[in-house]
Structures are given as structure tokens and as C-alpha cells.
Amino acid sequence: MLKPLLDFEKPIAELDTLIEELKRSAANDERRKAAEHDNVDIESEISRVEERRDKVMREVFANLTPWNRVQMARHPMRPYTLDYINAICTNFVELHGDRIGADDPAIVGGFCQLNGQTIMAIGHQKGRDLKERQHRNFGSARPSGFRKALRLMQLAARFRKPIVTFIDTPAAEANLMAEEEGISRAIAYNIQQMFHLEVPIVVAVIGEGGSGGALGIAVGDRVIMMEHSIYSVIPPESCAAILSEFGRDRGRASDAAAALKLTAQHALQFHIADSIVSEPLGGAHRDPIAAARVLGNAIAAELKELASVPTPVLLDARYKRYRSIGSWEEIEREALIVPVPADHVEGPMP
Amino acid sequence: MRAKSRWFTKPSGRNGSAVTNMPEGLWVKCPRCAEIHFAKDIERNLRICTKCDYHYRLHAYERIDLTVDEGSFVKINDDVMSVDPLGFPGYPEKLARAISSTGLTDAVVCGEALIDGRRCVISAADFDFLGGSMGSAVGERLVRAMELSVELRIPFVLFTANGGGARMFEGLYSLMQMAKTSAGLAKMERAAVPYIVVLTDPTMAGVYASYASLGDIILAEPGALIGFAGRRVGNQDMGMKLPDDFQSSEFQFRCGMVDQIVHRRELRSTLATLLMLLAEEGSDVKTSA
Amino acid sequence: MLKPLLDFEKPIAELDTLIEELKRSAANDERRKAAEHDNVDIESEISRVEERRDKVMREVFANLTPWNRVQMARHPMRPYTLDYINAICTNFVELHGDRIGADDPAIVGGFCQLNGQTIMAIGHQKGRDLKERQHRNFGSARPSGFRKALRLMQLAARFRKPIVTFIDTPAAEANLMAEEEGISRAIAYNIQQMFHLEVPIVVAVIGEGGSGGALGIAVGDRVIMMEHSIYSVIPPESCAAILSEFGRDRGRASDAAAALKLTAQHALQFHIADSIVSEPLGGAHRDPIAAARVLGNAIAAELKELASVPTPVLLDARYKRYRSIGSWEEIEREALIVPVPADHVEGPMP
Amino acid sequence: MRAKSRWFTKPSGRNGSAVTNMPEGLWVKCPRCAEIHFAKDIERNLRICTKCDYHYRLHAYERIDLTVDEGSFVKINDDVMSVDPLGFPGYPEKLARAISSTGLTDAVVCGEALIDGRRCVISAADFDFLGGSMGSAVGERLVRAMELSVELRIPFVLFTANGGGARMFEGLYSLMQMAKTSAGLAKMERAAVPYIVVLTDPTMAGVYASYASLGDIILAEPGALIGFAGRRVGNQDMGMKLPDDFQSSEFQFRCGMVDQIVHRRELRSTLATLLMLLAEEGSDVKTSA
């Protein structure tokens, strides 16, 4: 089966294929002898191609556009929440159900151990193959998913177990049934109640941080973003489709992606993310175990730091963290002029 | 482009509002029943169609005028202004246009006021200001209003009409206003200070999925558009027939999201009764207007 | 329209009709003159019949069987929750919805004032005519009804307003949808959470206290029962249908009603009810205003008493109240014999 | 009638249980797949049908034996006995019969035990004792177990199998055990001591509508009957087709009421893992059995 590839991964994949072929030759006595006969050193040839591959990879990944980041965040081979939980944690016991009427497979959660400490791990869950994707509703949570998540978070808080959430959703479900079951209220209530949880919360954005659907489980004391994850108020396609600036054309999603400043690097710059976890060269899916190890260490380090914070201080800091987010200015009445930033001013300043 | 205009117009309404939303001209055609009315008749009828009861949208100051005791409104947070943190194409121009056309400094107006003699913090959004959308300035204004409510221990009464949801021109900052306003409401919840929401046409997306859904008591005007995702999105994704009243006040009431649908004519008295009922023991003294 | 009547009400109703006719005559000049002509004093005739009617009524109501009590509790003319709220309270603002997906008309609730004090009034609501009865689901609450009630109770507790619940339900809804939406969990969770509510709770059983459907909003610091209300673990019809002791015959519901000891008077005797509110002679429906006045005073008196109890004491007393309910005995190992009560022992005691 | 028999039989199981539920005779027919098995084979297979995986009901002590560390079970509350508070026709006789036929003193057995070295309070119901129904003695036993959990700060693990719900022979007293047990669980909730429920066949009515639904974590054995009202009642009232798995573990799982359906073979290890995960910080020391 061919692995799905992004366009800019193709030159890398070609070299990967070449390396694999060379390795197969090296393992094949006959071919090996033939190569020796031709004075070809397969080992050094492999090293040479690997170097070239890594160089290409470095170049490609040094020049990712915001749209490329969106593609990386949505990469079909990217590790998902359960991949990380299984790699980072032990003794995961998945807990199900909202105790109201449903169990939403688009959000998973349960108790497990990280470095010997019990945590509550919760995250959006996408599916790998078509069947599982549909089962998981592409990671778009329904109201019952948010309610299950809140139930589990409150359970964890009662038993004083810290909470780790994994964010990876295109958006919350928005169909008729979601509306009937109060998707807006479910998200809003989660966000509000997360400010009351008396345990540390670490949020890890591992893929798509899709607007309210992400935020519904993403209020935390620390927000970690994977290098190739994104966090956005609106999918760039929808943004492009709405705004005349992008010709109301979904095809111009890449322009919208650039305008929205939705990359992990921007979130860090805006002080909405606290740190970025580097991914293996080429992205987490090229080496999921290594990616998980680095993320796991980052989460553990944050949890360790938060463990010593007294609960009232923790809750107060959480409040202040979100209370202070925003970019605005306070203007004296007399100075009231339209606040146009310098690079949008036409003509000389007065 | 550099806007030269000052964006606050001379106050003319009872509470210092600029009357801007009166339909232009002598006649007005009802968007629901298509009846042609004298504009004056609609105006006299609290902006409700005299034939089909359609509730026209109100501007922020019109809303406040209809709700609070005459002369009691004291504006707050009005100097918290939006900036363009992302350098988003077209945003500064849109902002300038909204400011000069509405006479407002951003999409929500906040203040302290009396309703039937009872103190409260009040806030009203204006759909004509970028669809009433929530950017950083709106978030900051609302949280300040909530904090004032907590400080004074007086209820916070909020009118929505934030059809635009989060203001995407501010990217992640605007998304985070959902968390910011909800943080403020978590604080109100802990302080046990009442928060009453009145959902008005239209209230969608990031606003409905944050502070608009979190009222201790949630009222709605009849026939308002209230929902999560745009109707088109819903239609597309579902391939199923939507109920006729999808995403209306009535739909949300049926789904248990709204305490009462209140006719505009009853709104002030319902709010007054609620403020009376929710007054703290021993503090239930009316302030004379 | 004829008012619905119970069998044992018929002799009373006949006299009522006679009194009404006499009064009409008294108000009619012509007939009055005819009566005077015949030396009949209509006024004293009215008094005489009224006295007889009251005597019959006293006799009938002094001899009600447990089954008659069940009939009274279910009387179609009996005042319902909203009748009492409207009679007792002012400024009632009904609040709707569970914030999850529905508003259940079988439970109503809202803030209002009782003697100038704000309370949260909540109750099962039956319907008077066929259409309303169906709309109210005959007072059988769905999961959403219990969830709405809990939301309102928690709202009241936050704002430190006491809670008054009115109990009048045959049972909780038990159909497929109720099961899907977790009727059992909804009831259980309400019962549990009511022990956390930091405000006084007064429960008034006004009609049918139907098992779990009643208890789901009936955990209180004081339980008042109307004279002709009942409180039962199972409808007597179902009890009769299940047990061979009653021939597994629904028709023997009256025997089951007697065995179940489900009257207000029994509940008082079991210390499950604290007091009984007397109803007007003939039952609350003969004079709903008077009935409401007495109930209102009883509730107000309990609230006044509870208002001065410090919250921790209140919650502790509520716990102890329910923790101590039950009839059992602790038997030393050596003394282990089947605990048969005296009146079931056959033959002479040893 | 006056029962003369003593109702406790000589302990014979690992934890002092009377082995009573082994199908009589050499052969046993599976109630689900109708396959005829050697009784010994079923017994060896934890009372699970070797063909269709049907989970036979277990007696209280069999359940405890399967769950706790050998020899660790210490019975409590066993002397709390039912009386006949209402003088209900036939109840004393039924009680006497249940006692002598099961060898139990009432429908639930409670105790302290170790599961994989971790202390807990444990309780198991026995369907053969008046359908496992909840009377005053059951309520008292369970609340004492909860209070012990709180006192010792160790989790409470409860197995249901209370098909009978509330024990109607005790009238209002039995109904009130729903409130009494829920009160105990409110206390556990406030004390933040874990409460783990395992729903087993059958769990209905007043039991499911009180403590059986209130687990912090709720597990269920496959194929158990779990629901509110009897199937007939449901059918009657609805006049609609019920799903094939109506009121099964799987149905309740689908409806979000159950955390996990756990095969009997995995139950002990799942409980052990949960007790390990839920151990309080600093107290996570295993006691050697």
C-alpha cells in the first residue's frame, strides 16, 4: 500500500525509495557481488543518498509556507491522540460515555500513568482508515464528546490527578443533531468549567487546533504545540470562501492560511502557546516513537513544574493567563483616531 | 487610507446614543411578511412589525434605551479599542468604516445602569459593527464588565446580537476571547453574581459557543437566528432536511437551551422581575432612578 | 361539563347539587315568592341540607380506605403544582430547559416569591384536560425533566435561595427513549446531588409520590405531605400484578394499597414525612384556595425555621435524616433466628 | 410458621462462601445458545459458556472469590438483618426461605479485602436472595460499607446483580434506601474516595436508579440485563419496536452509561489497574496478601 504523500514530500519520498532499494541490494548476496564486481560500494552509496535526502528534507522543511503547515497538521500519516497515549503512557484504561445518552468516539479519554504518575489523558481522535475515520467522525466532536470530556476532567480533579489534553480536530460537529444537543452550550460550558478544575492541566496541540472544537478541551495551565501543528479561529478554506479579500474562493486557502497566522510559531509569538515541541526532521509521522518521546518529556516536565504550585495560585494563574489574552489598546478620548497600523498607512504620517 | 473622521457622534438618544438604525425614508417593508408600513409606526411599536410581530434588530444604544431607566446609563470601557494584531488584509479599513458608520468604538457597548430601580452592569452588541463580532476589544470590554459586576456584586445583563461570532481578522486572538470571556464568567459563577443573557438576532458561532450560552438565565427574543454553524454549512454536511425553524429562538427553546422566549414588549419587565428575585438577601432595596 | 367524581364522592355530589338548586331558587324572586307562599324557608332548608352534606362528608372521609387515598391522590380535579405555585407565590418566572437537548413539560420550575422571600419552586406537573395531560406526559418526567430540575436547584443554591419541590407523579417515564437518555442515572444523580445543595429544601407531596420518579426531586430537609397524598415504592396495581399474594391480579390493587402502607399517615408514622397538611373537608379540590393557603403557611413555617440553621449543620442533618431511614435489626450470631413479627407468628410463642 | 433453621451454612469457598450456585447435575444447558456442556467445564471457565460466551450469574461469594486475593476477605455488616416493618403478606416466609436456601443473611455481602494487594471495601449482591432486592438491611449494609471506605480512605468496589430493585415488601422504607445509599455516595464524593461499580446480570429499577448508576467508574459484564423498568412495561407503554439489545450492557454502553464492558476473565485485572491508578499520591503501596 502506498503511503499518502504531500506534494512537497515527493522529492524526499523518491530518495527514500532509492535508499530502500539500495538497502535491499546490500542485503542480497547476488546483487551485492554484482555491485562489488562493478566496484560500487553500496554502503557508501547509501550514506551518500541519505545525506542528500536529509539535505533536501532540511531545505523543504526550512521553507514551509503556512499552508504547508496546515497540510502537515492534517497529514494522514500523522500520529493521533491514541498513538501518543500508547507511546507515552502505561496502563491506559479508556473510560466511555457522557452518562446522558451517548459515547462519542471523536473524543477519547481515560486514566493512565506518565512516568509512574496517574494522569487523565483526553483528546480528539481521528481515524486512520476510511472506516475508522467515519467512526471517529474525522475527529469532529459532538456535544456528547465534550460532555464526556468534562465528566472525565471533573473525575480527575476530584481524585487530584492532573489532566493532559491532546488537541487534534478540524472543528466541532455542526450538523442538525449537534445543534439539537447544544454543541454551542457544550463547548462554552466546558471552557468555563475548566477554570474551576483544581488540578494542573497541560494542553498539547498535536495536529489541528480547530477553533471552538479545539478550545472545548484546551483551557490549560500550559499549552504545548507540536512543531507542525496549527491553531486557528477558522479553517483557512472557510476564511477564503467568506472574504472578498480572497475573492471568496476556497482555492485561495493558502492566502488565508498566511493571513490567519495559524502556525505553532505564531501561537508562541502571541503568548498563546508556551512552548513548541520539535518534531523529527520531516514531521512526527517520519518517526512517531521519537516524536512521542519528545512530547512525553515536554508534558512530564510541565507537570512536574505545576505539581508544586498551590491550587489557589494555579487557578488564579489560569484565570490571569486567559484574562490577559488579546491585542487592543486603550485610547484617551482626545486622541481618538482610527488605529491603523504603520504598514497599512498610505501616504506620509502627519 | 487614513481615516480622519472622529467616530463618536453627538449623543442624541436618552442614554447618549446615536440614533442610526431607523430605516431610511418614510416607508419600511417587513423582511418577514413583506408588509409595507409607515416607518414611524414600526418605530413607535418598539421596532416590531405590527402585522407579523417580526422583531427588527436594534442598535446597541437603542437596546439600552429600551431597557434601562431613563438617564441611568453610564458608559464604561468605551475606550478599549481594536487594533490589527495580525496585519490582516482589509481589517483596518473595515474597522474604520464600522466606526464611522455606526458611531460606536467597537461592537459592544457596556455600562452601569438601573433597570426599574435596580443596579446592574449591562452590555449590548451592535450587529452593524462588523456583524457584532468578538475581537480582542470586545473580549476585554466584556471581561471588565464582568469584573465590575463581581466587584459591585450586581447582576450582569447582556444582550447578544453578535452574529459574526469570533472576529477572524484577529485570528487566534479572537478565538481566545471565547476562553477569556468564559474565564470572566467562571469568576462570576464562583462569586455567585447573576448573569442574565438575552439572545437577540443574530447570535452565532464563537459567541454562542462561549458567553452567550453561559447565562444563569437565558432569555431570547422571538424569531432570532441563534446557532453554531451557518445554515449553509449545516445543510451541506448533513444532506438532510432541516426543520423550518432551525437555529431560531424557538428551536433553541425546544432543545432546552433557552429559559423563556420573551416578546420585546415584556422584556424590560421580565428583566426587572428577575433582578428583584435574584437580589441578595438584605440588599433588595430599589435605588430611585 | 360534569366534574369527574369518585364513587364515594357521589352521595356528597348529590347533596351539592340540591344545595345549588336551592340557592338558585333563593336568588329567583318568583320561586322565592312561591316558596314563601308554601311556608317554606329556603335559607333554613339550605342550612339543613348543607349540614347533612357536611355530616355525610365527614363520615365518608373518616372511613377512607388506603385505596380511596390512592384515588384521592390521583383525583382529576386535584390541584397540581402550578395551581399551588400560582396560589401561594408571586412573581413566578418559569425557567425552561436542561441545556442538553430538551425541555420536559412534566417538570416545571422557576424563581418566585413566597411571603416576600425568593425561592426556587419545582414540581411535577400533570395536565388537566386530555391535551395538556399528553403534553405533560401525565406528570411522568423524562431524563431531561430531572436534569432541568437539577440545573434549577443548583442555580438556586448558588444564589442562596431555598428550594421547594412539589411531588405529584405516577412514576418516571420508562419508555425506550427514557432508557436511552439514562432515566436511571438521571434520577440517581439528582438524589445524590441534592445532598450537596447548600440551601434549605422543603418537599411537599401534594398528590402521587410515585417511587423513583418522585424521589428524583424529593430529597429535603423537611417533607410535608398533604392529607390525601400518597408515597409508594410501586403503584399498587403493579404490586398486585406481580405478587401471588394478590393473585397476580391488577384488580386487587386495593389489597396491595393496604399492604404497601402508602398513605401520608403511614409516612408520618415511619418518620419519612415530618408533618401532614390538613385538606379542606372533602379534599383539596373542594376548596383549592383554602388548601393552598394552608400548604403555603406550612411551607413558609418550615422555611423560616430552616433559615436560621447554619449550612454545615443543615447538610449534616440532611445526611443523617436519610442515612437513618430504614427498619432492620442487628442480631448477634448466636441469636440468629428468622425475624418474624408477632402478628405473623403462627401458634403460641415459646 | 416459624423457621427453626439457622441460615448460615458451613463456609466452604476460599473466602468462606457456601458454594450453592453450581448447576445441579453433570450437565448444564446454556440459556443463550442452548448448547449442552459438562458442568465442570463451565465451572472451570469462570461460569462462562465455552461456546457463546454467555456469562452465568454468580453468587455473592463466588463473585468475591473470583475478585479478591485469596484469604483476604473479611466479612462486615453481616448481622444487619431484615425485619418486616409493614407486616407485608408473605414477606417473613419469603425472607426465611431466602435465608435458608442461599445461606446468606441478606441480599448483599460486604467486606474488606485486597485486590492484587490493594485494600478496598467490596460488596456483592446475590440474585437468589429475593432477586437481590434492596430492603432496609441492604441499604444499611451498603451505607456502612461506604462509611468504612471514607473512614479508611480506600475505594469501594461494588458488584450489582440486584434485579429486584427496591424490595417492595418494605414499602416506603425500601424506596428510601435509594436516597439512603445515594446519601452515602454523596459523602464518598465529597471525601473524594473512589467508588467503582460493576454492573452484573440483572440490575434493574430502584437499584439501577440509585447506587448502581453512581459509580465514578462503571464497568459491566457482557450481556447483562440492565435497565429501569421491566421489558414488559417498556413494550406495553411504547407500542414501538425495541432494539434487540434493549437494556443490555451493550445498550447501556452505547447510551453512554457504562465506561467499559469487561469480560469476566479481565475483570480482576481491570479492577486491579484501576485501584492502582486511583491510589492516592503517596499511598500507592501494595499490601502483600
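A, B, C and D label the chains in the order they appear, each numbered from 1.
Here is the rule we go by: a contact is a pair of C-beta atoms (placed from the backbone, for glycine too) under 8 Å apart; a residue touches a chain by one contact, two chains touch by 3 or more.
Keep in mind that what you see is a predicted model, and the values were worked out from it rather than measured.
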Legend entry - Smallest count of steps, each to a touching chain, taking subunit A to subunit C: 1
Inset, instruction - Go through the assembly and pull out the chains touching subunit B as well as subunit C. - result: A
Legend entry - Farthest-lying chain, centroid of Cα atoms versus that of subunit A: C
Legend entry - C-D or A-D, whichever has more C-beta pairs in contact: C-D
Inset, instruction - Find the geometric centre of each of subunit A and subunit B from their Cα atoms only, then give the gap between the two centres in Å, rounded to an integer. - result: 34
Legend entry - Length of the line joining the C-alpha centres of subunit A and subunit D, rounded to whole Å: 43
Legend entry - Distance between chain centroids, defined by C-alpha means - subunit B, subunit D (Å): 54
Inset, instruction - Return the residues of subunit A touching two or more other chains; collapse runs of consecutive numbers into ranges. - result: 99-101, 180-182, 185, 189
Legend entry - Set of subunit D residues in contact with two or more other chains: 189, 255-257
Legend entry - Category of the chain touch graph - line, ring, star, complete, other: other
Inset, instruction - Go ahead and list every pair of chains that touch. - result: A-B, A-C, A-D, B-C, C-D
Inset, instruction - Please give the residue numbers of subunit C that touch subunit D in the complex, ascending. - result: 172, 174-176, 178-185, 187-189, 191-193, 195-196, 211-212, 215, 219, 231-234, 239, 242-245, 259-262, 266-267, 270, 272, 318-319, 322-323, 325-333, 336-341, 343-347
Inset, instruction - Would you tell me which residues of subunit D are touching subunit C in their complex? - result: 1-4, 6-8, 79-90, 92, 95-96, 99, 105, 135-137, 139-140, 143, 166, 168, 170-180, 182-187, 189-190, 205-206, 208-214, 227-229, 233-234, 237-238, 240, 242-243, 246-247, 251, 255-257
Inset, instruction - Name, in rising order, each residue of subunit C that touches subunit B in their complex. - result: 91, 93-103, 111-113, 118, 144, 148, 155, 158-160
Legend entry - Of all residues in subunit D, those that touch subunit A in their complex: 189, 192, 194, 216-218, 253-260, 270, 273-274, 276-281
Legend entry - Complex contact set, residues of subunit C against subunit A: 99-101, 143, 147, 180-182, 185, 189
